[in-house]
Structures are given as C-alpha cells and as structure tokens.
Amino acid sequence: MNFKGRDVISIEDFSREEIDYILKNSESMESIALKGSKILEGKILATMFFEPSTRTRLSFEAAMLKLGGSTIGFADADITSVRKGENLSDTIRTIENYADIIALRHPLEGSAKLAAEFSRVPILNAGSGADEHPTQAFMDLYTIKKEKGKIDGLKIALVGDLRYGRTVHSLAYALSLYNIELYLISPESLRMRKEVFRSIKDRISIIQDENLEKVIPQIDVLYITRIQKERFPDPTEYYKMKGVYKIDLNTLKTGKNDLIILHPLPRIDEISSEVDYTPQAKYFQQVWNGIVVRMALLSLVLAT
Amino acid sequence: MNFKGRDVISIEDFSREEIDYILKNSESMESIALKGSKILEGKILATMFFEPSTRTRLSFEAAMLKLGGSTIGFADADITSVRKGENLSDTIRTIENYADIIALRHPLEGSAKLAAEFSRVPILNAGSGADEHPTQAFMDLYTIKKEKGKIDGLKIALVGDLRYGRTVHSLAYALSLYNIELYLISPESLRMRKEVFRSIKDRISIIQDENLEKVIPQIDVLYITRIQKERFPDPTEYYKMKGVYKIDLNTLKTGKNDLIILHPLPRIDEISSEVDYTPQAKYFQQVWNGIVVRMALLSLVLAT
Amino acid sequence: MNFKGRDVISIEDFSREEIDYILKNSESMESIALKGSKILEGKILATMFFEPSTRTRLSFEAAMLKLGGSTIGFADADITSVRKGENLSDTIRTIENYADIIALRHPLEGSAKLAAEFSRVPILNAGSGADEHPTQAFMDLYTIKKEKGKIDGLKIALVGDLRYGRTVHSLAYALSLYNIELYLISPESLRMRKEVFRSIKDRISIIQDENLEKVIPQIDVLYITRIQKERFPDPTEYYKMKGVYKIDLNTLKTGKNDLIILHPLPRIDEISSEVDYTPQAKYFQQVWNGIVVRMALLSLVLAT
C-alpha cells in the first residue's frame, strides 16, 4: 500500500483496508515515539493554524520531531498575511515552498480540500470548520483497537453534540466501515448531521436516542464530546445544552466492567474528575495515541 | 570575499561585486535547499519580529533549518518585554546571548541599524519601517537573473506604491548598480521617495510615468507591489489608490512574450488570478528564491 | 548526587549541597553552550507560557537546543485550550504526552506545584505568580559566584520591590543557605514578604532599610529589581513607587571598586544606561549565565 504524497483531507477518502494499514503502522510507531528517530531527518512540517488549537498543533509538531524532522508555522490567523487580505490559495502557494508537508487547521468547511488543490506538497487536515478532523478519527480508532483488541463486534456510543462537533462526524464515518453497532446519543437539537447519517445508515445498525442512562449497560465504548460554545450561532442555545450529559462514578457503576470512556478533549464538565483514576478512563491515553497515529501518517505520506 | 560576522542592514552597504557573489552563492544553495544539510548544525537563528510577517519569518526559519541549524524567536511584539517597557537595545543585548544570528523585523525606520550597533552577533534586517528590506532585494535580483539569465541590459518597471513600499526602495537602489533602464510607474502621490530617486538618478536612465499601459510593450520585467493599507497615514487616500494598477490577461497580450511578472506578495488584487497560470507569472517562484537567497546570506555570515 | 526525574518548583526544595552541585555543573556547561552538543538529542522540551515572557522562554529554548534537544510550546495563554475552559491539570496531562520535560510559566501562585503533582514528566517552574522563579535564583547565584569567586562572606543588597518581585523571594531564600550579610532595601510598602523574611531570619544577619545610599559603600553585590506595574493591585501605588531607586554613575562612585550590579531584567529606568559600560554592570552577562544554568538543570533532570 502506497501513501506517498497523498493528502489526508477526509476520513471518507480511505478504505477500510487503508485505515487498517495505518492503524498497524501506528502500532509500530509506539517504540519509536519513546526513543526518537531520524526517519524524517531534513524534512520540514509547516503547521498552519488559522484557528487556535494547542493540543492538535503540538501533537503534530511532537510527532514530526520524534521522527527527526523539524517544524515551522503559526498558531493564530492574526499574525499572518491574512490580516493584509491574502486569500488561502496564495498563502498555501507560499508556504509550500518552505515545507515538505503542511498540517492545516482552518475555520471554514472545505478549506483543507481547497488547500490540497493548490498545494504541491501533501496537506494533512488538522480540522476544517465543523466538517472534518481525520487525524482525530484515526486516533480514536487506534485507541479503540488498542484498548479492546478489535473494532468489529463492539457497541459504541457517540454522546453529546453530534451536530457541530467535527470529531464525531469523521469518527462516525470511519466506524461505519467496521462491523459495529452505533449509538448516537444527543439532545434533539444536536442530532447527528443528516448528511453524515445518510452516508452511514445503510452500512451499520444505528440507534438514535436522547437518553444516555438507558444505553450505558449495553455499550463497550462511550465517546463523549464537549458541547462547543464557539460553534453555536446562538449562545442561549449553548447554555441550555451545556451539562446535559455528564459521566461520573455512578454512571460507571451501571456500565460493563470493561467499558472504556473516550473524549477528544478539552473537556469542561462532561466527565467528572473522579472518573480520571478509574480503569475505564482512556481519554488521556488518547493523547499519546494521537502522536503515534500522526507519526504513522507523516512517515507514510513522506515515505522516502 | 569574506562576509563572516557582517550585518545585513541595507542593500546600499553592498557593492555590485558583493551582490553578484551573493547571487552566485544562492545558486549553489538550490540543491541544498531540496535535500537539506548540516552546514550550520549547532547554530541558532533568533527571529525577532516586532511586526507580524509570517512569510518573511517562515522563510528565514526554513532557510536556517535547511542548513541544519535551529531557530527560536517571537512573532509579535505583544508577547515580549516591550510590553513591560523595555527598549530595543536592551532586548538585543538579551537575545544576542541566545543566538548566533538575529533576523529582525521592526516597524521603525533605522531600527535594524540601531540593533546592529548594540549586537555582538550579526543582524539580518528583515524589514525596518518603510525604509529597507534588503533580503527581499536580493531575492528579487536573484529571480530576475535566474529567469532572464542576466540583469544588465534589461528594461525593468517598478509599479504601484513607490513611496511607502520598502521593497521597491531596496530594489531600486540595487538595480542602479546594474546597466538597466528603470521605469517608475506610480500615481503622482505615491512617487518614488526623493532620497531614493536622488541616490540612483545619476547611475541609470529612469523614466517616471503614471501610465502603465504605455510602457508594457517595452519592458522585460514588471515588478508590481501591493498598495499597503497599513502604511497610509490617511485611509481615504488608500481607498483612492487601491486598484489603480491591475495586471490581467489583456495586459499580458500587449507585452513581450518573455515578459516576467514579479510581486513581493501578499497581493490583494493587483494581479488577476487568471495570470497565475501563465509563463509570465514568476511571483510564486520568487518565494522559493527567497529561501535560497537567505540560505546564502546565513551561511556566508555564519561561515565557520 | 542524582537529579533524574526531579521537579524544579521552588529553590526551597534544594539543600546547599545540591545548589553547589548545580552551580558546579553549570560551569561545565559554559564551553558546551558555545559550541553546541548532542547530549539531549531526541528529547523534547515543552515551554508552556500562560503569561508572556520572551526572555525566560527563549532562554529555556536556547538551552535545550544547545544540548541537541528540540522544543515545542506556546507563548500565550490566549491560544490554548484554556480559552475553551480547560483546567491546568488537564492541560498538563495532555502536554506530558508530547514532551520529556516541561517549563511552565503561570500567573497563579502554586501553579507549578499543582502541575508537578499531575505530571509524569519533570516540571521546571519558569515563574509562578509572585511566589517563585527558581531558575532565576540559580542564575543569580551562579553570576555572583562567577564574578566574585565565592558567595560566602559577601554583603549582598536586594533593592526595590521586595514584595511583589518573585525573583527576590527565591534569591533571598537561596542566599540564606550561605554565610552572607543580607541588606533588604525597599520602601516601607514594598518590604520583603513576611513569610520569606521569617524563613530566612534565623540563618543569616539581615539589615532592612529604606535608604540605599547609606548602604552602597558597604556592599559587594547590588541586586536591583524593576517595580513591576503588572503586579500592583493599584496603579496609583505603582506610580508612587516607580523610580524611587535609581543607579547611575554617581551611585557607583560611592561604592566599592569591585561592587557588581545585577538586575533580573527587563529594566525600565532603575539603572541609568551610562552604567551599562562600567565594569560593575553584570546584568547582561546574567542573561548568558541563565542559559548555562538552565542547560545544567535540563541535563541533570533528563540524565540518561
């Protein structure tokens, strides 16, 4: 399988075979992540973050450094030529001269796709508007597989804001390539986007519900998201929804013993801090997994 | 020729022989820029940007990384001690301890010169107020020589804001060392600064005009600049001037077949995007040339 | 003596023997700082600066680069998940996955201690609120020892804001482990904090005074601090205190010939610029010393 020079824009561009290959490759990055390497020595990653995201940006940078490469970039649209009125395609055609690969975070949907059309170097989508965040989906899949030993056969619940949260869109699509049962738990007004729902509904069995307690006893993986204030057009709507789902020790009591809790982070109060020290809590381990997955993608796309 | 330890403050500090030497050295950096090197391993570049400029900052950083060195720095005056009231000379006498060379961008004219007086390590002026931007001039000269095979004998037009645009001041001076014909095309109120005009007028033949169309058929190189909103004391004046010159496919039709179009970027709407795919468009290639020129300067000044 | 994996939170956690060991180790870093090394190749330092401090951040980064390691980080709380409402312990449990060691600057007292409780990787306190700044204290001690050949037996004055200035708290404690005479010179309202005073008063002889001129002839080391506007709850109070002590050539005339002047920088007007070129001025040399001290700490804590 050859990923050299390939853009990573949407999880939908990848077949199940390709995803499995990337997850397998991520596994082999675990030991390299611990001790460092020179696999990508002399290569430069540009992190172009038009929207702040320390977590994702530093994850890409750490992944590149652990492979022996180096990084340049910006963390805020405010300090770029955009302030002088430059459009994205011109910025891309500038930065592509400086770097061997670009990780792009941009507030507009479709921005990563547009960037890839203009760029000679590969684009890794690090989050585009509310639509896609494919490296997060790879990280989530990898965490499930690492913790449960498999993905097929699991009952997996996505909980919280399924409308604006881009991580759940990419993840739902990816999960639909596996033989799983998917629970979509959200308030009525934050239901999974229709276009995502439509694209996955014929491939797997889906249960939609507002009630989290009811499904807890049945599921193997609980993936809960932050209600993202910054994505709500109306703040009143946000304050109504905030805190509607909350995981605490009582929640865990009603679940399976080997239930695992995932969260894309940052969390606000969706998961009580008392849960952090239970064996079910895997959300901080996910952060580490994000590095190995990104190391795999960087090394596959920049393969020499 | 020995550039070790030398500051690069103004293009006017360089003789034609020195400029030619730097251009020749830049040529030899082309292949190193592609594959990386360890020429400056262990050396540190500090990028001190008191004014945001992602393009120039990342170009310096990429150049340093491709030479095997590393970088530290800041991208915004706001996050520095300046906020605590520190003056530039104290900041320089701090940073010089951290780095082997400093690339400085500062909004005040004369700032780079002042910094060089205080600094023990070499200062590369990455833009000081509206007066000088010497590495941009080296990049422009290198692009012309690379694309046309020579600089002597060419008819070169500088178009747009010749008053506030610092890149044209450095470039006009540099071009006056060659045997060229210079066209200065601008509105009356944005004419080339008198002190620049005076310093070059005895060395080369200069045609000043407001009309771009008239000169297009005669010229070999068209260098157009953005009307820079942020340099205008009066915004009304800016909106009157904006868009006064615009290059599109029709413009190209009246020009020579081997005319080349340069622009220091970012562009707003001075060049129609339809021009991007013509053989005349060289403004994105210029970005790459900026890296090799800065690699040459870094390695010459830090020569071991 | 083994520092591997140890947090550096407060100077009070170190015995005199440990401090002497670190100072000795710093000495051996002087030559490595000049030529670079690969001692920490493959290791990553994360600089988490929730409060801007270009000076301290770049010093840590330069120290890490000179040891052959690399760096990631942020320079402003504004661009982090904190804006999305994340708490410090979650941020730490994220970043610890990306780095082998963390340098943390945070506006709240006790923040570094809290971070160390949550972090698996060592935390270097790069300034927490108004309480502690231990690497600055190591730098100050190292400068005194380097310039005077010893610390024991000296008469040392701390001058200026002894209440809000965190560098003087760490330094006063550290000096109390040596056999010195300590002069605490400040206005009544900016006297040394009671808890610091109490913890050191039984170990060394202390003279408290408002009058700087009186003590100048007797002292060997004069450590003057900036009155920090940003730490004053009341700006009127700040403007009253600003400029109350000022070192100029006349001050030096009344002092010993081998008096040395230190300042943590940035200075505003506490030291007249005419003093910069006297043999007494050691405040810019301190900046260099900060690098070697931080190199020593990084290499001792990350010892392989």
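Chains here go by letter, A, B and C, matching the order in which they are written, and residues are numbered from 1 within each.
What we mean here is this: a contact is a pair of C-beta atoms (placed from the backbone, for glycine too) under 8 Å apart; a residue touches a chain by one contact, two chains touch by 3 or more.
None of these values were measured; they are calculated from a predicted model.
Chain copies chain A and chain C are related through a rotation whose angle, from the C-alpha fit, is 120° to the nearest 5. Under half of the residue numbers found at the chain A and chain B interface occur in both copies, marking it as a different-residue contact. Mean C-alpha position of chain A lies 40 Å from that of chain B.
In chain A, the residues touching two or more other chains are 70.
Taken together, the chain B residues at the contact with chain C in this complex read 41-44, 46, 70, 72-74, 78-81, 83-86, 89-91, 93-95, 97-99.
Against chain A, in their complex, chain B makes its touches with residues 35-37, 52-55, 58-59, 61-62, 65-66, 70-71, 75-76, 226, 228-230, 265-268, 273, 284, 287-288, 290-291.
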